[in-house]
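Letters are used for the chains, namely A, B, C, D and E, taken in the order the chains are written, and counting of residues starts over at 1 for each.
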Amino acid sequence: ACSGGASPSTSGNASGGTAVKGGTVTVLQTTDFSYLDPARGFDGGVNAFYRLVYRTLITKAANDAADPNAMVPDLAEGLGQVSADGLTWTYKIKDGVKFDTGAPITAQDVKFGISRAWDPEIGIGAPYLRQLLATPATYQGPYQSGENPAIETPDDKTVVFKLKAPFPEFDAVLSMPSAVPFPVGTGAGTTFINDIVASGPYDLDTFTPGSTIKLKRNPNWDAATDTERKAYPDAWNFAIGIDGATIDERLIAGQGADVNAMAGSVQTATIARLQTPQLQDRVVKAPSTCLTYVGLNTSKKNLSDVRVRQAINLAVDKTSLLNATGGNQFATIASTIIPSNVSGHADYDLYPSTGNTGDIEKAKALLTEAGLPNGFTLTLDIRTRPVAQAQGEAIQQSLKRVGIDVKLNVIDAATYYETIATPSQQHDAAITGWCPDWASSASTFLPPLFDGRQITDKGNQNLAQLNDVTVNAEIDRIKALTDLAEANKAWGELDQKIMELAPVVPVNVENRIYLPGSNVAGLVAPQGDQDYAIIGLKDASKG
Amino acid sequence: MSISSTELEAAGAPDTGALVAAPDPRRSVWHVLLRDPSAIACLTYIGIVVLMALFAPLIVRVSGWGPYDFDQTAIDPNLGGIPLGPAGGISAEHWLGVEPQSGRDIFARIVYGARASMLIAVSATALTTVLGVVFGLLAGYFGGRTDMVISRLMEFLMAFPALIFMIAVLSALPADNRQYLLVLVISVFGWPYLARIVRAQTMSLKQREFVEAALASGASRTRLVFTEILPNLRSTILVMVTLAVPGYIGTEAGLSFLGVGVVPPTPSWGQMISSSVGWYSVVPSYFLVPGTFLALLVLSFMVLGDRVRSAVDPGGR
Amino acid sequence: MSLLRVNGLTVKFGDTTVVDGLGFELPKGGSLGIVGESGSGKSMTSLAVMDLLPKGARRTGSIVFDGIELRGLPERRMRTIRGDRIAMIFQDPLSSLNPYYTVGTQIAEAYRSHRSGVSRRAARRVAIEAMERVHIKEAGRRVDDYPHQFSGGMRQRVMIAMALSTEPELIIADEPTTALDVTVQAQILDLLAEVRRDTGAALIMITHDLAVVSEVADTVVVMRYGDVVETGTTEQIFSDPRHPYTQALLDAVPRIDDTIGDLRTLGGHP
Amino acid sequence: MTRYLVHRVLGMLFVLFMVCLFTYMVFFLLSPDPAVQICGKTCTPERIDQIRANLGLDDPFLAQFLHFLQGLFTGRDYGAVHCSAPCLGYSFQSSQVVTDMIVQRLPVTAVVAVGAAVLWLLAGVIGGLISAVREGRFADRFITALTLGGMSVPNYVLALALQYVFVVQLQWLPFPQAVPFADDPAQWFLNFILPWTVLAVGYASSYTRLTRANVIDTLSENFVRTARAKGLRPHLVWRRHALRPALTPIVTIAGMDFAGLLGGALITETVFGINGVGKLAADSITKNDQPVIMAVTLLAAFFVVVGNMAVDLLYSAIDPRVRAGATS
Amino acid sequence: MTGELLLSVRDLVKQFPVAGTAGLFTPAKLFTAVDGVSFDLHAGQTLALVGESGSGKSTTARLAARLLDVTSGSIQLDGQDVTTRKGKDLAGVRRTVQVVFQDPFSSLNPRHTVERIVTAPLLYQQRDIPGGSRDFTRSLLDRVGLNPDWLDRYPAQFSGGQAQRIGIARALAIGPRVLVCDEAVSALDVSVQAQIINLLRDLQAEEGFGCLFIAHDLAVVRQIATSVAVMTAGKIVEAGERDAVFGDPKHEYTRRLLAAVPRIRPEWEAARRAKAAAR
């Protein structure tokens, strides 16, 4: 149940005022963007940046749209035309869309840009295109293998995609960064590491890795062709490498040009300082689409017993975990797998307890039933990040109450995901999180985490190693549904079925708490992430 | 014809007893230290910390909260989990306040943290000292090829950017026995600094005639090194040790700050500081308490080192 | 008229008295020898005259130099006397010369600090002249050498040249030859005598070598445990010592031309 | 002299080679498969194999090490990317040639190091001199207490404290911002004041103590007594005769410390968000970007070794005794 | 000579490499510190080596005591060639030859008690200590004229002359037959010097060891030596009975050395003697 949190639409309040054209918005951030090349990067942070400089055939609706989860045409004139067998998708490109070079964006450019995803070194970004398109396994990207046979360009304006199997949500796949078009022949090797070819409203001005990225307007972007991007500011300045606490200090102080600054979510410690009315006015609280959960490795001795997993679900003190995460402003306790603002969410709680502090009696009973009245020892993998450690300690404390002795295994943040995604190195349990690639359905939420047939030796996302025939069958069934609403309802039901097997402990859904500068307008984040394309300054002459 | 001793006394011969006042080298350091108020203050503080570390479980029983016990009633879930009450939740129940987000008792964690911090610093110092003294002695005394090899090794180790390397290695290694790894890594990179000094001292001691005298007395080289030269390095080693301990306490804290220190939930002072830096403006006491304990400990060792140095070598430095 | 008169000079380190009510007198152009065994306070006496006592030392008593009472003289005025009117030569010439500067610089420095408006070049000429006066060959070239490039005897010559560059009225030599070989010692003593003949400077020679004193001094002060045990003309001290200590000391000196026999010691179990 | 030089250079090369070998070995053994990292979140075994072959990661250890060494002198190719000599490797995390990454950041680190070195040398030498000539008096005690404090406070604590006081509370200094010198020299300078100070405090403390000890030692040297006996003014005695010899060992250590800093001031750069080599190292460590960590380690070792040698040569230039010994 | 031949040294040469002269491919230049020195030492005899500083006296003494390896030449101890012995084989030499060093403080380990210092040769040579360590030390201290109760003291608690006596006690602990005294009295005051010289003379009379006495002070040498060898620049330029050398120096250098010695005017001396005798 969404016990602690308000419903998503009301909590996703926007920063007040309306944006005008002009000025420079500064974004303060701690870490550098992963890659400027959209074929490589696809994390939440860089996706928001890509939206300023790149366009794709389809894109997610603007954050201030009626349905911000929806998929809308961007370079394409409309959503995809699917063939009856569901294997061929056809798109028409709008007139007047150009690269920053002034060259029009053609079907060949779309094909070329997408084909880059097959290059073994470049195409390390979003995987869906590679998984879905009927491209031969030997294809090595445009630089090595030339044309991609799965994409056809009958004319300059038409792109046709051939799929291996039907995928009703193919439009969403084309909204991924790896679908960005590039002029044919560009971007080999490391070219786009330090440079870009812009198709969006902004173009790279200066770039100092690890330090600054400045964007200026792309004169060849025509607002008339773009319904989703407002592109209010004349320039963007991304200041990188600033300590998180310093960012918060600057935003709170709001000195000089910092009134035009914004940043990612504030630090936990900062929340207590945001209680003044002036600051409260600026705060934007945005529940994310990401679930923090504990994966219980069902292939391990004690955890293979569903009663033990249920007992753990009952015993965990989600309130102390919530506090360890940052308290109820910073997160919302989760009882389901699909977070509330991802389409398909259904409300239920199979393992309730008073105050969400855990039901020790029931848990003990289940453990006794499972033949473990004195508990057992469990190794929990955690990242070196402070939050993860705090969460691990909270789990350790709460499971101690039912006799389960939790050993914390700290793994370096850099190798954490790799380690737990390798079944041979994975321990009993792990704290991790999952965000859907698109929030318009749960198809990127449940299948990657619980499809038993996707368990691999390396890069395994099914941490629970759950391989349940009925779950697998249900996944196949829902994926084939072409009616999105129907599918979403089915995902919600599947969510509950999976939780009956208790392969994971849903912990909480983090909120993002943004504190934009007082002159920044248009910050709306219904799914947690910011949409730079609709942000601007209230007064362009300030700062 | 010689002058009688009475005449000598008449001429004002000093009583031979006056010479007895010359210090007994074994006791003088203690004597000097125990007469120095600042040294006593430092020793007292160090003593308290050591006692805290030794009797942590007993102390915690008295104070009522264990270092790992969560106390949800002491924190405010609405404000990011900051401690309830003024000054970081300092109260009769939680003597030094509580940790934000978990409500763990800071006093208990300080007491247990002293364990980890002291253990690491002291064992690293012990290990470095053994390595440094043995290698320094060998290089300094035998010279030639032995010196060449050891000096190259030291140069090699000192050329490493120790911090970068330590972090890289520690973060890549499994965290299971982090404490031992910390000690090992710190020592491996730390001993050359002591060895260099021991080597130089040995080289100059080697020139002293008593070494030649021992040789002429028929001492073997090993005995010579360990029974004639080593005792003369005592004051150097003593000073180095008192200066090494705060250094390693700092190193441990720094490594913990950078996220490669002791593994949770074990507290160490460095770990406590590192987790509190983000809160310094919101819950200052959370940051100040371990910070003060640490800075005072380091300061105490430094001052003590200083005093020891002037006690063993009243002439200069 | 006396050039230097010391009266009731006492030097204390805390509670220990190292020079105790010492007094002596030295006429212009005269030479005084201070003898006594190690630790008897000879060096402290000379440093007390120069106001160069180490930290922690306190002096009382009176020191009158050419009619000026040196005790209580402000440091600024003392500086004008030090090195200019009274110059000092120390025992160990290597450690007494700064290894980082050429000998020329160091000699010139002494000169320039007392003669205002002297150009570097002029001071250098003075340094070369001073070096020539102490018989350093090729002084013009060696003036740019560093102390370690000289032998022990040469270094002591440099020290003397430094002392002479300002033509002082009084030279205090604190064991100037102890670190040197007998042959070199003889040369240096000759040189000192020569210099005094030329400039008429008075000399205080501090040493524990009685034979050296007998060759150099007109008057001798014998010290023991910070006290003067006997003062007299050289002839009187050596031919007719009054105090038993002086007698014992003279007995203990091994002589190159004396009969062989038991050396007289100062007796007793040391 | 030539023999000495040749010996030194050979020794230096040997140490650098050992550092290379050891670092490479450690990271070779500890490192998780770089190919997996390159391959990203979603990856197939075939792609991993392909990347391994492309980057020469499937060669045995020795071959890889030789390639690395060779790259240092002749450059090498990583797939389609060329890395010209001296090639320090290819970052798998950011797909950049490491040499470029370092070249970009080294000037920043140099600015940090030079500024801090100037500060700490000035403060250390002046403080030490004052402390020494006023030994036991109030000024000495005060300075000694300061230095002990300066050495006891961890620099990250100091950094945060100074930032809180001077930037947040008093607003005397702006929040650090990456401004190129050419754009706004004043702002550029203000940005560096805190990092310089924080870095300098620790060093200045130990330099003060060192200078003090050395000056006290030289003050008791006979030649200082000689200088005083010449009637020199006290400031001349202290400056020329006491300080100069006392500085020789300090120059030696300063050279090494400065060289060490060129390898990056990890904590300070991280806390103040200065985009230098130290921050690069810290970032690479959190990203487990082995080639970059390795390159930074090597670079730092290189600076230390070269600095060491430079100091040795400098030493013979500033100490006439050594000078004569070396040239004869 | 009076007693049996103990030590016989022939054509001793010692060369040291000169620092900083080594070329890249050429070895360092060699400096010959001792250049063809020969002498014999008999029991009961005191052979003095004199000469200016740096003439190679100490080096000769160290070679003779086998503390340094020779470059060439031979050393015979008790008729046995010990020139090239090394390590354990040197035990015989250590048992026969003992050394008293110049600086009394530098030659005593400041961290050891008198007892430990004095019994060190026995300890190192793994010999039994006759009558137990404490009693043995007491008797030894008594022999060199020190208070036997001081055996638990440290060197810093003694004066120079006392410390030098401890050094002598140590050398005597194993009853050596050759005693090498390298400037054993140079660091001492005249009065103390006289005591030590007397002590050495007395001990030699009792025990009959041969003594190689190094000094640069000719006056001291004249008091103690039976024969004298004058060294300059690594060579012995003149050797012979004491009175022969002092009374009728043959070599130019010896004459220069003698002439340079400062003297108290003989007439003053005579006057003093006369007065003293009268008292």
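Basically, a contact is a pair of C-beta atoms (placed from the backbone, for glycine too) under 8 Å apart; a residue touches a chain by one contact, two chains touch by 3 or more.
Because the structure is a prediction, the values reported are computed rather than measured.
Any chain bridging chain A and chain D, meaning touching each of them, is among B; the list is complete.
Least step count on the touch graph, chain B to chain E: 1.
Common neighbours of chain A and chain B under the contact rule above are D. In terms of their C-alpha centroids, the spacing between chain B and chain D amounts to 25 Å. Distance from the chain B centre to the chain C centre is 49 Å, each centre being the mean of its Cα atoms. One finds 51 Å separating the Cα centroids of chain C and chain D. Look at where the CA atoms of chain A average out and do the same for chain E: the two points lie 89 Å apart.
Of all residues in chain A, those touching 2 or more other chains are 245, 249, 412-415, listed in ascending order.
Annotation for chain C: residues 247-248, 264-266 touch two or more other chains.
Touching two or more other chains at once are residues 1, 171-172, 259, 277, 280-281 of chain B.
Listed in rising order, the residues of chain D touching chain C in the complex are 135, 220-223, 225-234, 236, 240-241, 244-245, 319-321, 324.
Chain B makes touch with chain E in their complex at residues 1, 16, 19-20, 22-25, 208-210, 212-220, 223, 228, 231-232, 234. Of all the residues in chain C, the ones that touch chain D in their complex are 50, 52, 54-55, 75, 79-84, 87-88, 90, 92, 95-101, 109-110, 113-114, 146, 148-149, 159, 162.
Here chain E touches chain C in the complex through residues 52-53, 145-147, 159-162, 165, 189-195, 197-198, 216-220, 222-223, 246, 256-269, 271-272, 275-276, going by the rule given at the top.
The part of chain D that touches chain B in the complex is made up of residues 11, 14-16, 18-19, 22-23, 26-27, 30-31, 144, 148-149, 151-154, 156-157, 160, 164, 168, 213, 216-217, 220, 260, 263-264, 266-267, 281-282, 285-286, 288, 293, 296-297, 300-301, 304-305, 308.
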